[in-house]
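Next come the structures, one after another.
Below, chain A partners chain B and then partners chain C, in two separate complexes.
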Partner chain A sequence: MASTTKKSGRGRSILGGLAFFFILMGLYFALIQAPPDAYQGEVQRIMYLHIPSILTAYLSFFIVFIGSALFLWKRERRDDILAYAAAEIGVLFTGLTIVEGSIWGKPAWGVWWTWDARLTLTAILLLIFVGYLMLRSLIEDEDQSAVCGAVLGIIGFLDIPLIHMSVYWWRTLHQPPSILRPDKLPWENVHPAMLIALSINFIAFLLVYFYLLSSRIRLGELQEEVKKTRLYGAA
Partner chain B sequence: MELLRQTTWLLWKDLLLEMRRRESLLAMFFFGVLLLFIFNFAFEIPRERAAEMAPGLLWLAFIFTGTLGLAQLYQAEKENHCLEALLLSPIDRGALFLAKVFFNLLLMLSVEVVVFPLFWMLFNLEAWKLLPSLFLVAFLGTLGFCAIGALFSAVTLKARARELLLPLVIFPLMIPVILATIRAMEILLRTGAFEEASPWLRLLIGFDVIFITAGFLIFEWVIEA
Partner chain C sequence: MKAWDFVFLAYGIVWSALVFYLTVLRRRCRKIEAELVRLQSPGDKKKNEQK
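Our next item is the complex of A and B:
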């Protein structure tokens, strides 16, 4: 037990170090190497944070769904710890995305917020998962809290395509995707230096994400151990 | 068939209790009417704009009254350990879910049957002929509302401050229903034709089917937790 803890602790430190290194590199590429945007100028550089953070948030909500489904199926504590951890970090990244988007939206569109489909979808996702966190914190019994959270994790995920459809029919203003376009390959459309900066930042965000996730999971495991020790005395 | 029989019996039990106590229905009914009055003070709805505002206002009234019903939905089961007795009896857990969905649906529909014409009278709307088709849209939306609501009313059953928590959890999930019903009703009021609103109606039907099925499958875990 002690040796594996030590080992996973070292793995996490390495992950954290790598994440830090990639963030510095990502900042260098995004702020210095990449050229300013042809239309929007310097402000477009927020994109290098905006896209990675929303993609990481989506990944996070997908992990909540996987963890929730696995928990209901197999009833293993670690799946629930995974889902809870991913939900917390997902809320963090979604919140960051909305704040970055606002800061970018003001100079680019002239408004902090607009009821465009993608903005609305992101805000609704944030609301659903803030609801998830509240639900978890308001149910005291560990197992009940886990089951109820898992139900919300699954239903929330099933709801995403429907919310997506309804808000898209409702309205769309967001600039069309410029990286993943159906008619052009990414490198024909975007300056290569921009693409490199974006990729490095995406890797950096993923590393930060998995660093946070593994730390949060470790925290969950420690809480579990404390609880067991209290119940059954020290092993 | 067995499922249908069990659902009907459970639904009958809830209806009988409601008929004897008349708690939820009366409160929901008066709250719905009260909301119409408050809307009038809040917006000073002019006659020519009433049709435009009707779908949104009606839906606000419906989801608030519906939430009132949802908060009370498992009240009878909480008292005297009735839930344990129900779980001990050899019935499908899915039937328990369906009965609760239909019970809340019936409560909300009976409020809607009164609130719809009342809104038309209070705000002098002309389009009386459209009422049945608008009611059909409201029915589809209410069904989706009750599917999500009955599931999460059970989910929040053991939480602290459950009456506060329930709307926080279900309203974001309900956004497709709210958007689709309001848009569909608004299109119906404007054009009077079902075809124009058909994408929204399909979305509503899809929502109803998905979440009644999902709730039916998941309910067992929720209620036994």
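Our next item is the complex of A and C:
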């Protein structure tokens, strides 16, 4: 047990170091190396935060979906710990995406916020998972809290395809996707220098995400251990 | 506000929020680790057994 903890701690340190290196690289490429956009100018550099953070949020809620489905199927605590940890970090990244989008929206559209289909659906996603976190902390019975959370986690994830397709289904102010397009490959649609900056920032966000997730899972495991120790006493 | 002000505002908020969350997460971990050590200490072990 002690050696596993030591190994996972070392793995987390390596992940943290790598994340820090990629953050610095990402900042250099996003703020210095990448050219300004032909139409939007310098403000388009917010894209190097905005796209990686929403993709990271999508990934996080996909992990919630998988963890929740596995928990409902096998009833193993580790799946619930994974889903709960991913939901908390997913809320953080979704909140940041909305804030970045708002800061980008002001110079690009002239407003901080508009009731556009994509923006509204993203706000709904945030509210669903804030509700998930509230539900988890309000229900005292642990099993009931885990089951209700798992059901809400699965339902909440279903909002993501709606968010992605909203720019095709409704007439929106938000531009269509630049990267995940069904008709074009990313390098056919985005300047190579911008694509490199975006890729490096996406890697940085992924590394930060997995670093945070592993730390949050560790917290969940410790909380579980404390509960067990309180119930059955120290081994 | 000029274009760069919006860019720096966005980058400042995002990286500050992530550092803040990480700091809070580490503090929560340290607190729960201390709690676990306290529960596993011989004095508390006895108390738990009595319960």
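For this structure, a couple of remarks:
To be clear about the criterion, the second predicted complex is superposed on the first by the 214 of 235 C-alpha atoms of A that agree within 3 Å, B and C clash if a C-alpha of one lies under 4 Å from a C-alpha of the other, contacts with A are read in each partner's own complex, and residues count from 1 in each chain.
We take it that a residue touches a chain if its C-beta (ideal position, glycine included) is under 8 Å from a C-beta of that chain, and two chains touch if they have at least 3 such contacts.
What you see is a predicted model, and the numbers here were worked out from it, not measured in a lab.
Of the two partner chains, chain B is the only one that A:Asp143 touches; chain C does not reach it. Contacts of A:Thr229 after superposition: chain C is touched, whereas chain B is not reached. When the shared chain is aligned, no partner comes close enough to touch A:Leu24: not chain B, not chain C. Shared-chain residue A:Trp170: touches chain B; no touch with chain C. Of the two partner chains placed by the overlay, neither chain B nor chain C lies in contact with A:Val111. Once the two complexes are laid over each other on the shared chain, residue contacts for A:Ile154 go to chain B alone; chain C is not touched. Chain contact summary for the complex, chain B toward chain A: residues 148, 151-152, 155-156, 158-162, 165, 168-169, 171-173, 175-176, 179-180, 183, 199-200, 203, 206-207, 210-211, 214, 218, 221-222, 225. Contacts from chain A toward chain C in the complex involve residues 23, 27, 31, 41-43, 45-46, 49-50, 53, 92, 95-96, 99-100, 103-104, 106-107, 208, 212, 215-216, 218-219, 222-223, 225-226, 229-230, 233-234. For chain A in complex with chain B, the touching residues are 72, 124, 127-128, 131-132, 134-135, 138-141, 143-144, 147-148, 150-152, 154-156, 158-159, 162-163, 165-167, 169-170.
Residues 1, 3-4, 6-7, 9-11, 13-15, 17-18, 21-22, 25-26, 28-29, 32-33, 35-36, 39-40, 44-45, 48-49, 51 of chain C touch chain A in their complex.
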